[in-house]
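Listed below are the structures to be examined.
Next come two complexes, and both contain chain A; in the first it sits with chain B, in the second with chain C.
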Partner chain A sequence: MTSPSPTRHSWYEESARGRLAHLLDLGSFTEFLGPERREFSPHLGLFNLPHQLDDGIIVGTGRLDGRPVLAAAQEGRFMGGAIGEVHGAKLTGLLRAARQLKRDVVILFDTGGVRLQEANAGELAISEIIRATLEARAEGVRVVGLLGGRAGCYGGGSLIAGCCSALVISEQGRLSVSGPEVIETNKGVEEFDSRDRALVWRTMGGKHRYLIGGADLFVDDDVAAFRAGALAALERPSALDQAVLAAEQARLERRLARFGDAADGAEVWARLGVAHPAGVPDLDTGAFLTIATSKREGADAAR
Partner chain B sequence: MQPADILSSLFPAGHDVTEAGGLLTGSGRLDPQTTVDVVGISGKTYPGVDEALALAGHILSITTRPDPAPLLFLVDSGSQRMSRRDELMGLSETLAHLAKALWRAEQAGHRTIGLLYGGSAAGAFIATALACGSLVALPGAWPEVMDLPSMARVTKLSLDVLKEKAAGTPVFAPGLDNLFATGAIAEIWDPARPLCDQLKALLAVTRDDDGRAGWGLERGGRVKAAAIAREVQRLALAHG
Partner chain C sequence: MENLRYELSSTRPAGGTRAVGLVGVVASGNLEVLLERGAAPDRCVIDIATPAHGFAALWQAVTADFAARMAAGGLRITVNDGGARPDTVALRLAQGVRLMEKPE
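And then the complex of A and B:
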């Protein structure tokens, strides 16, 4: 696995507030509708569940290497980062402001998807977030997603990520619609053994996503690496027009034609020309990137 | 109502919509002057990477045309297909791509109208019906984020307790009335009246910005979302 450097500071282990503090320029962050405003979920009480004063998401504005950005960070340790009415509306409002201000947005994903105790409100919030994201991109706003949180990026959260202009992922980042437990519960352990962690990484983990063009930048599980990745992702184009979508259509069709009958991630990597696919999960970031750079399918802004 | 009845009520002047592998494609004539493109998912099909990509490709061929024909998306689906292969191939990208294709159609001047006449759930609902510029439904439609038995398993509450709680709030339980109350659906159409008239009336009204949170407030099913989004937007603009 990745060899820890003495100064490494895990993104995965950090809280949402901790990640924001390390991501943005020191002292530059201003939160909107923070915990002091006590805008928490009105629905969790019905289930005798505790609320959190920020409803599991922090939204605000700050600077990244001097550049003004809007930022949102989901807290995977509260309800698995799940998206409810208030949580979702905070992100929608931020994205609508981004469109008006023509200011780029960084989203620190850490979510299991819709919060079931307020499922209808959460589902609809995700649809509103997607529309606000696309409308911001239509104005040239970059919407960058960072994927390396403890809850992963699942369900409707993964569809929001799919609408971002660029994605940064770490090995620990997991990106998929149906999570391992959901597939196992619905289709049986033969279809997906959710306890097989290696299978989870090979199917939806950061290395696989980066190799097939599902993410644009691969970084170490380290707060400084995510900051550098976010800066690089902010240099990528955000255009979302007919040409970009036609290119995305062609890219995804090519993926299915090339790998659609592969039984496993390792088989996909073999077809990409990776010499020792079984060894990919054990490669450290440097060795992985050396191989991935020459073999991967890039998204080339077709996103 | 089933697709054949829906299509003949929508298009008295005729249509050429066909079904293959659970997907509908074609067009119909609302009146001699107005052609409507039709896509759809029928028969409770669970869309995976193949279906999502086929639909998106069809929609993106419509968006290259210069005419402003509306696009009707008929929906009777399951949830997204849950499988190892679909996730291995990047179902999240593919479903997002479908949502982007529908949004692109609106940008290119084609109104997109989702017509939910059966089921839809979870990620499939987000990428199809909810990704249309306007969403209408027929009575008997059954949208759901997750079915109550699965929800009972995840929340570790009994089905009876969940049903009791669902009686008091539309915010979590499945069903058309609950989704309508939260603002997901613009109108519930009357199957006893010609659907073509109801579609014409919808097309006659210009679609505004995303007003779904406002409907949720008016209908009492989602009372905080509009104000929260507005307040964050206000604070961000005030900060500059």
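And then the complex of A and C:
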């Protein structure tokens, strides 16, 4: 693995606010319902848990290379970026505004899914966000997801990501409905050892997701790379019609038939025709993309 | 949750023109600090919400030291604590004052 260049600035290590500042044009961001508005969770106090003034998500409007976009960034360090009532409502509102304004949206995912302390409200919020995403896409709005945060993108967050028009992922990004601990708790450590980080990345990590067509663009863990990735993702089509859905359904059926009994990511990569699957996790971005470009399953407009 | 409020004397008024500043996040061993203007120019008002009960004396010492050392006059500060150590609290408060001094 090549060492990171001295100018590289990790997306993974940045805060949600820091990521937005690096992603968007300098000084172009205006926040809606900022922390001074104190729209925080009304539920956490019942559990003697501290609230955060923005409820772990920043929403607003800005410019990306001059182009107006709406943006939302989840803070994975606050309760694992989990989605509660207010957090969810802020994202729903942003997506509804996107539909009205016909303005594209960029979502900086960093979430473990629904916040268990306000689970019912959180589950409802996920449904509302998905509906708002699909309604915006039906109007031609692009909804781009960026996946490279500390908490990954799990549970309901992964369902929202699945409804985006394009996804950008880094090696550090993880995308899965059930997280490692959830699988281990429900199926036992023999099925999945959540402490085996290499296993976690082989089954949910950015390289794996990109290789099986679960994400559209693969970028370095670098704020400038994510900015370039977001711009490229905004050039991709947003179409969400019957033909796209039928093609996606057929692709998922093919994937299941091809890889359904594979026990490990490396086995999936071998079946894709990757010559040295065990070496994939050690490849730098350039070498990985060379292999991935010829071997990966193409993602359709939906995934 | 324990809620604490300290109205402290701070002889030097806070610099800069920024209306609002935010530093830190609510995470284990960390805290968020929201800074707003509006207190009297020689006063600094700090509201703290912490899930760790029984540390009022420590909070009082750290905030009084902060208000005496830093140009914090006129600031209204809101702290949401995630169980931060006193040194982390002191650094975040100082970071907040520096942020308010920066041009937007």
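Heads up, the rule we're going with is that the second predicted complex is superposed on the first by the 298 of 303 C-alpha atoms of A that agree within 3 Å, B and C clash if a C-alpha of one lies under 4 Å from a C-alpha of the other, contacts with A are read in each partner's own complex, and residues count from 1 in each chain.
We adopt the following convention: contacts are C-beta pairs under 8 Å (C-beta built on N, C-alpha and C of every residue); 3 or more make two chains touch, one makes a residue touch a chain.
No experiment lies behind these values; they were computed from the predicted model shown.
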- Of the two partner chains, chain B (first) and chain C (second), which one does A:Pro237 touch, if any: first, second, both, or neither? neither
- Message: Looking at A:Pro50, would you say it contacts chain B, chain C, both, or neither? Reply first, second, both or neither.
- Response: second
- Task: Could you tell me if A:Gly279 is touching chain B, chain C, both of them or neither one (first, second, both, neither)?
- Result: neither
- Contacts of A:Asn186 with chain B and chain C, given as first, second, both or neither: first
- Query: Which partner does A:Ile212 contact after superposing on A: first (chain B), second (chain C), both, neither?
  - Reply: first
- Of the partners chain B and chain C, which touch A:Gly18 in the superposed model: first, second, both, neither? neither
- Note on the structure: The chain contacting more residues of chain A, comparing chain B with chain C, is B
- Note on the structure: Note: in the complex, chain A contacts chain B through residues 30, 32-33, 39, 42-43, 46-47, 59, 61, 70, 85-86, 88-90, 92-94, 96-98, 100-101, 114, 116-128, 130-132, 134, 138, 155-156, 158-163, 175-178, 182-183, 185-187, 191-192, 203-204, 208-209, 212, 214, 240-242, 245-246, 248-249, 252-253, 255-256, 259-260, 262, 264-265, 268, 303
- Task: Would you mind writing out the residues of chain B in touch with chain A in their complex?
- Result: 49-50, 53, 56-57, 60, 63-64, 80, 82-97, 99-101, 103-104, 107-108, 122-123, 125-127, 130-131, 145-146, 150-151, 153-155, 157, 165, 168-173, 178-179, 182-184, 210, 212-213, 216, 221-226, 228-233, 235-237, 239-240
- Message: Please output the residues of chain C touching chain A within their complex, sorted ascending.
- Response: 1, 20, 22, 25-27, 30, 32, 34, 36, 49-51, 78, 80-82, 104
- For the chain A and chain C complex, residues of the former touching the latter: 15, 17, 27, 34-36, 45, 48-53, 75, 77-78
